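Submitted below is the structure of interest, expressed as structure tokens.
Chains: A, B, C, D, E, F, G and H, in written order; residue numbering restarts at 1 for each.
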Amino acid sequence: MRTDVIFAGIGGQGLMTMGQILASAALSEGKQASYLPSYSPEVRGGWANCTVVISENSIGSPTVGEPSVLVALERTSLAKHGPTVKPGGLILLNASLIPEPLQRDDVRLIGVPATEIADELGNPHVVNSVMLGAYVAATEAVTLGSVADAVREQLRSRFHLIDVNMTALRSGADFVASHTPEVV
Amino acid sequence: MRTDVIFAGIGGQGLMTMGQILASAALSEGKQASYLPSYSPEVRGGWANCTVVISENSIGSPTVGEPSVLVALERTSLAKHGPTVKPGGLILLNASLIPEPLQRDDVRLIGVPATEIADELGNPHVVNSVMLGAYVAATEAVTLGSVADAVREQLRSRFHLIDVNMTALRSGADFVASHTPEVV
Amino acid sequence: MPETQPPVEIPEGMEVVATRPRALTDVPFTYCPGCTHGTIHRLIAEVIDELGLDDRTVAIAPVGCAVWIYEFYALDAIQVPHGRAPAVGTGIKRASPDTMVFTYQGDGDLAGIGLAEVTHAAARGENLTCFFINNAVYGMTQGQMAPTTLPGQKTTTSPRGRDIARDGHPIRVCELLSTLDGATYVERVMVTDPKAIRHAKRAIRRAFEVQMEGRGFSLVEFLSICPTWWGKKPDEAVEWLRENMMPYYPLGVFKSAGQAGGEQAA
Amino acid sequence: MPETQPPVEIPEGMEVVATRPRALTDVPFTYCPGCTHGTIHRLIAEVIDELGLDDRTVAIAPVGCAVWIYEFYALDAIQVPHGRAPAVGTGIKRASPDTMVFTYQGDGDLAGIGLAEVTHAAARGENLTCFFINNAVYGMTQGQMAPTTLPGQKTTTSPRGRDIARDGHPIRVCELLSTLDGATYVERVMVTDPKAIRHAKRAIRRAFEVQMEGRGFSLVEFLSICPTWWGKKPDEAVEWLRENMMPYYPLGVFKSAGQAGGEQAA
Amino acid sequence: MSAEPKAILMKGNEAAAEGAIAGGCRYFFGYPITPQNEIPHYMAEHMPQVGGVYLQAESEVAAINMVFGAASTGARVMTSSSGPGIALMQEGLSYMIGARVPCLVVNVCRGGPGLGNIGTSQSDYWMATRGGGHGDGRCITFAPATVQEQYDLCYESFDVAERYRHPVMILSEAALGQMMEPVFVRPRGEAPKDEKPWALGGRRGGRNRRVINSLYAQPDDLARENRVLAELYEQVTREQVRWSEKGDDDPEVLIVAFGIPARCSETAMERAAASGVRTRLVRPISLFPFPHEPIRRWAKVAPHTLVVEGSIGQMVDDVRMAVGDQSKVSLLPVLGGLLTTPEEIAHEIQRVYEEGGRAP
Amino acid sequence: MSAEPKAILMKGNEAAAEGAIAGGCRYFFGYPITPQNEIPHYMAEHMPQVGGVYLQAESEVAAINMVFGAASTGARVMTSSSGPGIALMQEGLSYMIGARVPCLVVNVCRGGPGLGNIGTSQSDYWMATRGGGHGDGRCITFAPATVQEQYDLCYESFDVAERYRHPVMILSEAALGQMMEPVFVRPRGEAPKDEKPWALGGRRGGRNRRVINSLYAQPDDLARENRVLAELYEQVTREQVRWSEKGDDDPEVLIVAFGIPARCSETAMERAAASGVRTRLVRPISLFPFPHEPIRRWAKVAPHTLVVEGSIGQMVDDVRMAVGDQSKVSLLPVLGGLLTTPEEIAHEIQRVYEEGGRAP
Amino acid sequence: MTQTVARKGLVVIHAERCKSCEWCVRHCPTENLRIGAGTNTRGHRPAEVIDPENCTGCGQCALVCPDVCIEVYRARRSTSRS
Amino acid sequence: MTQTVARKGLVVIHAERCKSCEWCVRHCPTENLRIGAGTNTRGHRPAEVIDPENCTGCGQCALVCPDVCIEVYRARRSTSRS
């Protein structure tokens, strides 16, 4: 089984970390994984995205033309990548920054008010963890436990950030679990 | 008719000037001519040679593997190029600096005591003109008149040198005319 | 949210004190929050406005965070290989001497890979102006050690701090170039407070004037902050600049109108 | 004619005052008659002999008339791209710090194409020695204008004389490099009379000593003649050097043991 | 499960750096450029741990010459850069080829020409395989397709470089440098201890002097060296041609691609199979020497040959030379920092298949 | 006979310089290197006469960037160098290609790799035809064989460069630069006066601003530019393929050679004819675009194809691509600064003829 | 379109350009600027004026703003304040 | 093999290396060197000693010779001159 996802947003939103953590989590579950980032040259604020492919067998292409899942952190990313999602696929979006949804009815759309959730948790930087939690809950590509372990590993040297990210992961997952998926 | 000659010596002996003057002279006679120099990178004292090809028609190759005429100004040049001269060809050499002749009996060899002649003329730098005069007398590739004109043109801005070079040309030609060609 | 705050109509009887210079397009800068590249851009644009040079100036964009100045300036512009702006500028000036030319170069660009080109341009007394932005790191490429990185400063390629024994000493560009006969005007300024900013603008103006008068090579060095790779908020970065860069890179006019000297700015 | 004059047996009771240094091979120099490249070669070889460095020195050959030093020195040697000797030397020193490294570079090589490499090596305080032969022209390539060609000097690419307005000012390398913190020892000498030659040899020795003691970058500049492209006999060339080069390129120690200054040689 | 080797997730750039260190590399000279910055960052961090040296050069010109110097002492030395920086190294590479000094150069290729962009590309194919600057030299060039292979090739490259006393280039891609995949790493090794009979360091113990040089003023001497180089390249061609292949044994479309486009092609082949088109992929791993032979072999079977490469068409020349008049060659160029996708390639396979093939 | 044009004896290098000046070149930036020094010497002498500028750059890197700057104002600008210097210009050339700025670069090729020697060579064939640094650019490359042609091609190159807004390279050879032959020269012309809509100089008269740039941060934008470049090269291939040919109409041996070796081949063909071997010579004048078509046409006739070139084998790749499986390709490499001779080539013609030919 | 009352100074902040760097906030002599609560489309929280009446039109904020977000106006001296 | 008589100094000139540049001639304090009449194989006329008795062994000639053609010997101080 091969599953793939594109995380897209602008530089500085923690996209790359999301992708790396997901790939680590998959690896720790004995799966194969590839993580492929892409970004514009501005140091901050340019476009950015990454593709993660997870598979039981060796991974051929690390790129996907028509992703099965898109996680969009802001408007322009949704506009750019939304139309490429495979029919029957899934789009998770940060509803706090993306007021207008995409006009597609052949995909599942889940809006997560991630910025608001992060603000409530007192740290605007954990938007990415909220969305990652939501992604895991919605796809079950890996377990939330493996993701949590990968986050802990990643934050080894900045352990004061571990708790809030754990909460953020869970909040994202909970949001998806407790809301009608076809929200927005 | 295509005729060719290689002038060979060491840097600073005025070889290149000889070749250029010969090519000019040919051109002034309405012939085609190419002059092709070759030298090592030392500024002074390295090996040097040039090939002149004269023809009634357009000149194909400006290089020659087996020249019909060689003019050698010192020992190493004779050693290097002497063996390549076409059987039946001609070798003119500066006998003042080349004591031992080449061991070939299938070519004409003419030794010209050019350094001595130049010394007698009071200017050691006109060795090349002596040899050029000798070459013209021996081959009649061009007329001595055209060569004299070309030398005059070349020395336009250093006209005090014209006379001695004219004498040198004539001395070289005279030497060839008045000696057994198979000398040395 | 509205584009401007307040969403404005200017009342009668008010005159403009500060507005966007005409020599800037309306393309937003690509810099990180608080980065002083933007401040310097604006000052240069203001001087171009004031001297009325916008219809005869060519801007030369470096490789570095400021690579997009060809989009920011409402001027003819050319984007050139890393470090080679002074050579490109030389070509432009030789072919079109009445065009005003300025380069805008980072410390990696000018003092690293491009040191030969700027030094020779200065030695030739090339009639152009170099704006040199010293932020003590390679900003665009992720904060590596620059030729101007201070002793002990941590960067992505000096993770334990710049070690003089291994990495050598920082280069003081103004001091170096002002030894050259061809350098007409060389000054080091900063842009970290209003007074310094006003002074920096005067330096920019003097540099352009030298060029307008055909008096040769001018260079203004700006001590600048890189909040991102210094890992500091803008105000902390300003503090760090004052405490660390200023002592190593003293402000002042190093060369003026053929006169040498390290005259300190007030 | 015999190889030596007289064809010699040295009588008993005579001691050698001057002979071929061991650090030279017996390959004849490729230089034009009277060219002082050869004098400088011999002095360097003598110092290597005297300091006993021949079994741990690598010579770096430039591109220029001196390219063949890899044949002239009885030492390990490497021939490198034009101007890049200090970078190559850096690589050698970093990989093999107890090897003594010297570069031998012309003014085209060091002050022209290679200005960035020597300046950065100096700034880094790279522990190697550069011998810089300033003959005010590109010798090997037919006498073009060099960065050190004097104002008004005629060369094959300044046929009407170097024009400051077009070609810029000559570069004074010692003055430039001695502004750098990493430069430990910088001196300019000449080799046009016996006294100057003896002094030059002392400078070479000091430079090697700096390197042996691990004290960083050292450079000795030699004012040198190029009879061929100056179009002068050797003695006229010496005269020209004294009258024209010396005033522009004053002799002296420009930097010593961390001390700056333009102290004039006696 | 403790003794079992464990794969770790690494960026391609980090894998290149770690692979080189494991292969005995102890000196790194380089200048920053995206998308390869993780290599110098990793080296700055790790070289001191293994008693090596990371030194940031003032430019790529200086970097390659520092490599020249350090490598001339017999040490294992590398540099890395991307297109514009590699362009600046061309003269230095030519000298190292002429002087026969081994080293490793990693090019994490970005979009060009000019400043281009930092997206992924393979458009330095010519500069790698025909480059090495002026004169007759060319780089021995390997192109990895996975992060593991990036590690392995960097690890191995010093042995190859020293075997032939010649620079080796790894032509990587932005995508491969930036992506993460699991990598099995080896213990960090040292360079073999055997003395190199050409290495400089002073005439220690009074040995004969050694010279590293590429100047041969006499044409005969240079001709001799050129002939040696030509023979060396013949030997390299006998010994170092590397490729992988997979797919049908009676292909209708032969695909030739290297690096990431080759992996995308693999996935595309599954789709093609689903639409009933038989394909075979030959993935060159060595770009010089180029695997002419397997390509020609399959070209005789497949009426269509599709080249997928990240340029407007460079490797396609080598493929054309291999294929001769045996099969019809088409090109799918992947331009300007773009990533190709299995979907795009599958579409092109279908297109060339339907277009009808065989020789010109 | 007064009004008749008179040929004057000129060195190839002087002819290049005079041809460029006659073609409207007014700015020269360069750095000395043998065997092309007569070009800068000539320019230093003559540029002031025509109101132009000769400026000696501090390096070839600076020179090509000065060319970039001056050419960006719309002026006709050139530089010249030889192998090592051209290698240093690769990055700058790539920028000019990416930014679409025309210029003329003359490479008077010497022996390589490395410092090599100053003898004659053609071993920068790849650097010229595949070069132009990193990325997808390549130089439009012409190779003269006579001093007259050197003059003519330099004269014409500015028109070509401006037509395509692209650098043009003349790949000359040491021998051709140094040799003298009669040349018919034209009156010195001026560049056409029409305003170039891309040329910089400030927004004079309040016109819109202009930007010369090769950075396209968005992959889609760079892909678009790459596509434009690919199309440009197709157009160049349609419009600029140049070659000359001569010899028998039913050749047994097809000779492909450019520059001086082509002229030596011409003389060798007379000898071959004398020994009863029928030959035909195709001499590429444009190296990129390469004259594939005439070569393929004659390869279908001649069972043997002999490539004579001053390298260990570079153009032979292009010939192989053209010939496909139609004829057996052999190479006579002329190495290391050596000059070939008609005798050597005649000998090789005989050898390949006797060996027996046709496809692989 | 708020019609502002007559005052000494007036600043207009281009919120879309603002990157919330606080340069202006730190340098306003009357401490009349602050980072607002809203977010612009790039995710930054733009600076805003605290009390329009308090602005002297000194221009310091515009002088230090690296993103040229601020325009400043000042009452003309010759004109009487209404 | 000329057996030289005892003397203060003795110079040996490697004629094959000499390029006739006259540095030594100009710098000999006793004006004891000159360019000879013969030519070596490279075509230069090497320097030669005028009067062997006149050489002081001062070494100036060797010091200035750019082509390392000259070896200089001097009578040992301790040794009595025979």
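Assume a contact is a pair of C-beta atoms (placed from the backbone, for glycine too) under 8 Å apart; a residue touches a chain by one contact, two chains touch by 3 or more.
Being a predicted model, the structure only gives us computed values, none of them experimental.
Undergrad: Please give the intersection of the contact partners of chain B with those of chain H.
TA: D
Undergrad: If you take the chains that touch chain B and keep only those that also touch chain G, what is left?
TA: none
Undergrad: Centre-to-centre on C-alpha atoms, which chain is most distant from chain F?
TA: Between chain F and every other chain, the largest centroid distance is to G.
Undergrad: D-F versus B-F: which has more C-beta pairs touching?
TA: So, comparing the two chain pairs, more contacts are at B-F.
Undergrad: Could you tell me the distance, in whole angstrom, between the mean C-alpha positions of chain D and chain E?
TA: Here the centre of chain E sits 41 Å away from the centre of chain D.
Undergrad: Hey, how far is the Cα centre of chain E from the one of chain H, in Å?
TA: 61
Undergrad: Taking the mean of the CA coordinates per chain, how far is chain G from chain H in Å?
TA: Here chain G and chain H have centroids separated by 89 Å.
Undergrad: Between chain C and chain H, tell me the centre distance in angstrom, where each centre is the average of that chain's C-alpha atoms.
TA: 63
Undergrad: If you look at chain A, which of its residues touch at least two other chains?
TA: 40-42, 45-46
Undergrad: Send over the residues of chain F in touch with two or more other chains.
TA: In chain F, the residues touching two or more other chains are 34, 53, 55, 58-59, 61, 84, 91, 95, 99, 115, 117-119, 213-215, 217-218.
Undergrad: Got the chain G residues that touch at least 2 other chains?
TA: Residues 39.
Undergrad: Give every touching pair of chains, nothing left out.
TA: Listed by label, chains in contact pair as A-C, A-E, A-F, A-G, B-D, B-E, B-F, B-H, C-D, C-E, C-F, C-G, D-E, D-F, D-H, E-F.
Undergrad: Can you check the complex and tell me which residues of chain B touch chain E?
TA: For this pair, the touching residues of chain B are 40-42, 46.
Undergrad: Spell out the part of chain F that touches chain D in their complex, as residue ranges.
TA: Touching chain D: residues 31-34, 37, 40-41, 44-45, 48, 53-56, 58-60, 84, 115 of chain F.
Undergrad: What residues of chain D sit close enough to touch chain H in their complex?
TA: 1-11, 13-21, 24, 28-29, 31-39, 41-42, 193-194, 197-198, 227, 233-235
Undergrad: Can you check the complex and tell me which residues of chain C touch chain D?
TA: Where chain C meets chain D, its residues are 113-116, 119-120, 123-126, 147, 164-165, 167-172, 175-176, 179-182.
Undergrad: Over in the complex, which chain F residues touch chain C? Could you list them?
TA: Its residues touching chain C are 26-27, 29, 53, 55, 57-59, 61-63, 65-73, 75, 77, 91-92, 95, 99, 200-206, 209-215.
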